[in-house]
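In the two complexes that follow, subunit A is the common piece, with subunit B as its partner first and subunit C second.
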Partner chain A sequence: MSKPLTINIFEEFTDIPGARYDSEGQFSGKSFLETLLLPRFKEAVGLDAKLIINLDNGEGYATSFLEEAFGGLTRIFGTEQVLKHLEFISFDEPLLIEEIKNYILEAKAAA
Partner chain B sequence: MLKGLSQIPMAARERKPILIDFDGVKFMTPDVLPLLCAKISKYNPFVSIWGTRPKDSTIDLMLRESGFYNLVGLEKATTDNSMLVTHQNTKVDNYLAKSIRQFTAERTFGDKDLKLRPLYRTMIECMANTGAHAAADKNPKENWWLSVYYDNNTGISSFAFCDTGVGIFKSTKLKSIYTFSRVLGIIKNSSILQKILDGKITSSTGLAYRGKGLPKIYSDYQANSIKNLHIAANDTFAGFDSGTFIDLKDELNGTFLYWEIHPK
Partner chain C sequence: MKFLSRYYSQLITLLIGAIVGFLCNRIINGAYFEQKINPVSAASFALTIILALYLEFSVRPSISNNRNEKDLLIDQLKEMKTSLSEIHSLYISSRDNNLTSDYKKDITVKLRTLSNQINALIELSQYCVISKSFLKKEIFTKPYFSYKAALTGNGFDLDAFVYDRIHFNDTERKYNNLGKAIMHCIVDVNKL
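So, the complex of A and B:
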């Protein structure tokens, strides 16, 4: 695999993540998916590289933000592809990683 | 308080002016304030609502800083450096959630920069639930109200959130077995609430991957990240510390959550 790509949500998107959709308020999971996660994930797949998501330093994440971002990615690319390329850093809330992986696995059924 | 609040819609329908009289009130907890302000805000475009001041100085301060006096035309609310802050909106307000987290971190822990992620998450989940469930597609601009109160004596910050929507039980898409059992009186809303919190009943959208907000709030409570959680919706009130589930005689049209952040 090539050198990994990264996304630092705090530095590149926001420190105040919101809910699922922009219609509900700012900095939604859908907005994160469309503006940052999806383009960089495609780049990672094209390069056969890992994409490392750094979740630290923000205010915290609502379930709907995480599900729409990472479940949404899975509904486009499928579980196998997403789990193959994504890795996570979460020193602030280590349990978030397991939670996100569950969203990815559950999204398979809805894909 | 619920009994009194339940009379506001009826009086508003009949265009009768309403007086909310605090003159003789000697005890009040801050959790009632967002409910009170939400009801007044919802109905005062249609009917005159007036208020009186209590003699008790603590209650007077709470009412002033909640914005109650502003709503009933007694005075403008002041929130600078206050112990009680009340806000309303229709959408998720990330900036407000951050500022309340900072307020709490500074007051309860003496460190404004201390991140309180379960608190921020709980506020966002509540606001998002209002948008997703409270309106039930009929009135997409349903308001929510959020109050935070800091108790100087205990160091505890307490939070009360409410919306004046349809409530959890009228918005949640239940499996037919639950609907049937509820109609027959075999299963109560309190049991259904526990199943929702345990993630065993899906959201009003019917999509399995939705509706994880309330279970997350409950799991943050179980992990002791937020304390003393209470939830009231429609005809059910639940206090989880005491394991109390009460059937309300006066139905709450909407959803109400209360929780606390304690100093370590």
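So, the complex of A and C:
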């Protein structure tokens, strides 16, 4: 595998992640998926690299944001591909990683 | 050396007793030990010594350690219960009203606190001997994720977001599930 790519949500997106859709407020999960996660993930897949998502320093994540972003990515690429390429850093809230992985696994059924 | 320093006074007392006993018949006229050994008394003496050593070195440390570990685990569980109650109070107070951004922020931050308390409990339980095989992560993570989804899923960030009656009842159930998991765990830890 190549050198890993990274996304730092606090630095590159926002410190106050919103809900699911833009219609529900700023910095939605869908917006994160479309502007940052999806392009960077495609790049990681193309390079056969890991994409490391740093979740620290934000105000906390609503379920709807996480489900739309990571569940949404899984609905496009499939569980296997997503779990193969994504890694997470969350020192602020370690259980967040397990929560996201649950959404990735649950999104499989909807794919 | 640890044994000597810990039981210094008892050993001195034992030594003095042995010396007094040995010299007794020489100092006090007419005092003497019987020149025979009763097997029952000897066996009783040996058993008493063995039992005393067993209680001191095996049972007492074990009971003491267990109590300390139980107290630690129960304190952590109580903190979780307090955080959960705080979140629920916020939630109840916002019923039938549009949630302000301050409420939403408070709920998200308090959920993160609860999440970290659950994580701390799970890590703590791995260090405690009594709970290593007892506390399973899923006991708390499943109801917690479910409760969080009920509170912050759907249109949580909408300006006009309200916890409607359907959500209200659903969230109440999930709150109760997590609360029950915590309370059951307190009872179970006490039984260990």
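Keep this in mind: the second predicted complex is superposed on the first by the 111 of 111 C-alpha atoms of A that agree within 3 Å, B and C clash if a C-alpha of one lies under 4 Å from a C-alpha of the other, contacts with A are read in each partner's own complex, and residues count from 1 in each chain.
Convention: contacts are C-beta pairs under 8 Å (C-beta built on N, C-alpha and C of every residue); 3 or more make two chains touch, one makes a residue touch a chain.
Please read these numbers as outputs of a predicted model, since none were measured by experiment.
Novice: Let's test your reading of the overlay: on subunit A, do subunit B and subunit C clash or fit side by side?
Specialist: Aligned through their shared chain, the two binders clash on subunit A.
Novice: After the superposition on A, what does A:Gly71 contact: first (subunit B), second (subunit C), both or neither?
Specialist: Touch status of A:Gly71: first partner only.
Novice: Given the touch rule stated above, what does A:Ile52 touch, subunit B (first), subunit C (second), both, or neither?
Specialist: Neither subunit B nor subunit C is touched by A:Ile52.
Novice: Once the shared chain is lined up, is A:Glu98 touching subunit B (first), subunit C (second), both, or neither of them?
Specialist: Only subunit C is touched by A:Glu98; subunit B is not.
Novice: Where does A:Arg20 make contact in the superposed view: on subunit B (first), on subunit C (second), on both, or on neither?
Specialist: So A:Arg20 meets both subunit B and subunit C here.
Novice: Once the structures are superposed on A, label A:Ala107 by its partner contacts, choosing first (subunit B), second (subunit C), both or neither.
Specialist: first
Novice: After the superposition on A, what does A:Thr63 contact: first (subunit B), second (subunit C), both or neither?
Specialist: Both partners, subunit B and subunit C.
Novice: With subunit B in view, single out which of the stretches 24-32, 78-86 or 132-140 of subunit C clashes with it after superposition.
Specialist: 78-86
Novice: On subunit A, which stretch or stretches are contacted by subunit B in one complex as well as by subunit C in the other?
Specialist: On subunit A, the overlap between the subunit B and subunit C contacts is residues 16, 18-20, 23-25, 59-64, 67, 92-93.
Novice: Contact residues on subunit A for subunit B in the complex?
Specialist: Touch residues, subunit A against subunit B: 14-20, 23-27, 59-65, 67, 71, 92-93, 103, 106-107, 109-110.
Novice: Any idea which subunit C residues touch subunit A in the complex?
Specialist: Listed in rising order, the residues are 104-105, 108-109, 111-112, 115-116, 118-119, 141, 144-145, 148-149, 151-159, 161.
Novice: Which residues, counting only subunit A, touch subunit C once they are in their complex?
Specialist: 16, 18-20, 23-25, 28, 59-64, 67, 92-96, 98-99, 102
Novice: Quick check on the complex: what are the subunit B residues that touch subunit A?
Specialist: For this pair, the touching residues of subunit B are 91-95, 97-98, 101, 115-121, 124-125, 127-128, 131-132, 207-210, 212-213, 215-216.
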